[in-house]
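In the two assemblies presented below, subunit A is common to both, partnered first by subunit B and then by subunit C.
On to the complex of A and B.
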């Protein structure tokens, strides 16, 4: 066995098919995006090389800054909500004494498997300014806090983030639950013998030991947030005006509504870099060796 | 015994295969003519055994057309039925147009999979022209040119003097409809000036009635409303901005934005208007919950059905009575070149062009005779089946003296179009200042 593992040719040979596939479907398109971002191109006619002009224009475009801000808000909200609630639920469900564990496990995960279109339509009805459930709830409680959730430029992005946070909460919950379950019982027992409370044991033992899982969840939530598109596309079409644009939406607008594929590629390229940076930062922040039990 | 069974089964199978084969051949024969090289072979092989071999060879053409609702299915079905009578050898294979700003079509073009005939607006024409994806129809268009209404010539010939698509729609306009009953019952005067408009908005709000239903989730109605107000002060409306002949900071365009913001803040639109689609907004108007409604003149049919004699349309209010009188016949709308275009790569361009022209003509005929709209591109000889609704009669009287802006379906600068759509939609929220509007729109014009 060792002989094979040391054989570089053998390694290359076995990796080659996967590597080829990865190159064709991931690496090549990414390179294409960077390459195309240097052109003035409408997707059909001859492209004109303009070097970094698209990027210069990007930094002078106010939609770009709106998009950056929105992506950041979106990413932070979904990361915080999904991971916090996911953690709390995972701890609760891991508790053997808790009743209805199975029920919680299933119900929290259901939205994850629903189509995003279905979820968006559902929330569109709930957010409706005239007859939506949310405003009706305020009414029931006698509060006069009625809002145009999706058409007010200040609330719209938060309303959209809430939908995404709600939908994919179950996914993070499942990941974290798996993480919690993989921690050997003996650690908690030791803590209990030493007189630590449940809360303290989770804070001091479970959470640090979930470092790897948290890293994964954070990267997932942040890059997912920065990439957000479907919610805006279905629920607000980027509106009102350009107030719920994200970089992905901006790319879509440039390429498909205005017909500037080069400029769209520039925003896509920027998005790739942004996601890479965020991933690197998260990796740096939670830098630790994986724990082996 | 076993041998016999085997033989029987084989015989049945052979016959079955033969039957399948022949029906396949028929199918092949149809597709063959769209560009298959096997055309000659298959046709030759089938010679004599097909019943439909007339004097002309059967041809199948792929067509990319709107086919989503009553308004688009009706004319298409009619045109296809007429085509069957006039050119029985031509069969159309429908590819339903997606509501996607032409993305599907552009993808088709980029991948060399463009249908033989497709519906093209001005932005598609401009993009495809550069990449040679649209056939110049000048030499095929003489017959069509003879049939077009002189007033609709602008929908046929593009700025460069060439013809790329056969129009059917003519110069369509956006209109402000209103419910006469709601106005009289609440003692509100049909507004002619900004002040009267404001008074109407306040009065309706006090009664819990939505003043103006607008489906602002689609962006063009918001641009139409803005264009209406702009056209009170600048007869060419936003066309001037589109062509780069004016700036949004010019008084006419800025005032229009200011007036709209004032009205919106006073409660002109229903709650959450920028998230209302056509069905929701139309329901408000049709059910008598909204006093006014903005849509194209094609709405006349649906609103007449819902409201009958209660339906009226108003001229857009202006600064004062004098301005109102001088500008009232300026409508937001008009038209730009667009209609059925032909793929330059089609096998028989002459035939495809002929079919495209025919389809456009029949579309216009259907709209004129059955939908009761006189606003079509070509002259129609056929008698009117569905009488014009009263509002249409009234509009028809204005048509000879009507002036139009070019507006959305005639805008040619995609960057400006996207920017004004976003900016106009923002105006409808009330939380967007006229200054922001001006700077956003101007940015798109200067970066043309």
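On to the complex of A and C.
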């Protein structure tokens, strides 16, 4: 049996395709990002080793700080909106007595399965200053909020965050619902017998027990927000001005528009470190042993 | 014990409002795919079309590259699903059940990939594809898509293989089956449910993928739907109905998949939380 499951040829045959592809396409590029960030390189000609100069330049680049700020705003908005609404919906849908819970569950999740391009195009149309749905809606209610949501530098980043929050809320909702359902009924019953209100029981029992799920949701929302790219690329091209730049957008522009691959790699390397730090902080904040029932 | 009742009509109404808010834009898109410009902008922007203009779909299908984009998306997604699942299932079996020294380390190494965002490695990936002369071919999308789905798929399959009792392999061994035979005839059928889950997961990821496609594909004949739709805004300013139709066509496969298997789709996407956190 030992020999049977230790068949060297079989092991090699089984692991090699996946291992090779993963190493070349995923792992090696991560190392390349860090390595290339130390060079002055346009992607074509000879690279010149300049050590940390790209990082120095990055820390003196005002667009870098704009990008950091925008990513942070974007990440915080989507995290707060998605997790708050996701929690409320998950608690409601978990109730057996709620009417139309299946309808709510399905409709809330639908945007998740749509392509981000479709979603962005759709919202571009809805935000449109002239004939957009949102301005029309204000008109119907007789309010004069009519404006160009995406070309106004004060509203643009919020408008983008709203789209992302809207699209992926369902994902967080599904995660939280799965979490709520996995909590044994007996806990709620005990709270009920002790006279706790529904609200209180959720606050004191359900939410603390969802620690692991919240941790994952937070990491997902924050790293997703910091890496945000498609929303900006499709809907605003980083504009107006640089008011919707993110680090990923900055990296993309450096490398593929201006031809500064080394500088772009430095932005990417910084992004990796940033995401790691955020993940560590969240892990630290919600440090708890997984609950076993 | 009385059943707990949800007694707050106000919050109930808010929940319903949110549900409507999350589905209305989609309804609006499908509705305007059946309207003409006049109805979309002026006479009837919110509601159902008064007259169903199916000719919009005909226009979208015949005048623009929708069939081409659709075919490309199908090819890329299907090939990605087939290969990423085959590679992952083989790999997972070798690290979960077979006896060799480095299996633990190799498994952890593969898991690291789940924490790498696509955006971060865009630059080296573009250079890599250029150096391999894969730029502007189907493979320039398929190869990264397969690679990107491997980490997660192997992890899910690994979990399933670990839950299969080892007696089955012993029995197969005693009956004289080769390790390959055991894998294909005994083990593979056992993890069928997880394969179904991963088909959905990988298909959705490949069908909707945007950043890599945007960066690596510039040839019109190779564009996938998410990419093709990007340039519609400019092209279609004169015919919104047709644009709505093209967008509806692009969303149809994933919408149908979700409508038919809503629970499995949600499970497929949330299963990650158990392992990723």
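One rule holds for everything that comes next: the second predicted complex is superposed on the first by the 266 of 293 C-alpha atoms of A that agree within 3 Å, B and C clash if a C-alpha of one lies under 4 Å from a C-alpha of the other, contacts with A are read in each partner's own complex, and residues count from 1 in each chain.
The rule we apply is simple: a residue touches a chain if its C-beta (ideal position, glycine included) is under 8 Å from a C-beta of that chain, and two chains touch if they have at least 3 such contacts.
These numbers were taken from a predicted model, which means no experiment stands behind them.
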Inset, instruction - Identify the partner contact of A:78: answer first if only subunit B is touched, second if only subunit C is, both if each is, neither if none is. - result: neither
Inset, instruction - Quick one: classify A:266 as touching subunit B (first), subunit C (second), both or neither. - result: neither
Inset, instruction - Would you sort A:112 into first (subunit B), second (subunit C), both or neither based on which partner it touches? - result: second
Legend entry - Which of subunit B and subunit C A:213 touches, first, second, both or neither: second
Legend entry - Touched subunit A residues, subunit B compared with subunit C: C
Inset, instruction - Figure out whether A:68 sits in contact with subunit B (first) or subunit C (second), or with both, or with neither. - result: neither
Inset, instruction - Return first, second, both or neither, reflecting whether A:103 touches subunit B, subunit C, both chains, or no partner chain. - result: second
Inset, instruction - Please work out whether A:22 is in contact with subunit B alone, subunit C alone, both, or neither, and reply first, second, both or neither. - result: second
Inset, instruction - Using the touch definition from the top, say if A:43 reaches subunit B (first), subunit C (second), both or neither. - result: both
Inset, instruction - State whether A:33 touches subunit B only (first), subunit C only (second), both chains, or neither. - result: second
Inset, instruction - Once the two structures are superposed, pull the subunit A residues common to the subunit B and subunit C interfaces. - result: 43, 124, 256
Inset, instruction - Would you tell me which residues of subunit A are touching subunit C in their complex? - result: 1-2, 4-8, 10-11, 13-15, 17-19, 21-22, 24-30, 32-33, 36, 43, 85, 88-89, 92, 95-100, 103-118, 121-126, 131, 133, 136, 166, 169-171, 174-175, 178, 188-189, 192, 198, 212-213, 215-216, 219, 223, 227, 229-230, 233-234, 248, 251-252, 255-256, 261, 264-265, 268, 271-272, 275, 279
Legend entry - Complex contact set, residues of subunit B against subunit A: 100-101, 103, 106, 109-110, 123, 127-128, 130-131, 133, 216-217, 219, 270-275, 414-415, 417-418, 422-423, 425-426, 428-429, 431-432, 440, 443, 447
Legend entry - For the subunit A and subunit B complex, residues of the former touching the latter: 42-46, 57, 62, 124, 128-130, 148, 150-154, 235-243, 253, 256-260
Inset, instruction - Would you tell me which residues of subunit C are touching subunit A in their complex? - result: 1, 3-7, 11-12, 15-16, 18-23, 25-26, 28-29, 40-41, 45-46, 86-88, 90-91, 93-95, 97-100, 106, 109-110, 112-113, 115-117, 119-128, 143-144, 146-148, 150-151, 154, 169-170, 173, 179-180, 183, 204, 207-208, 210-211, 214-215, 225-227, 229-230, 232-233, 240, 243, 247, 250-251, 254-255, 257-258, 262, 265-266, 269-270, 273, 276-277
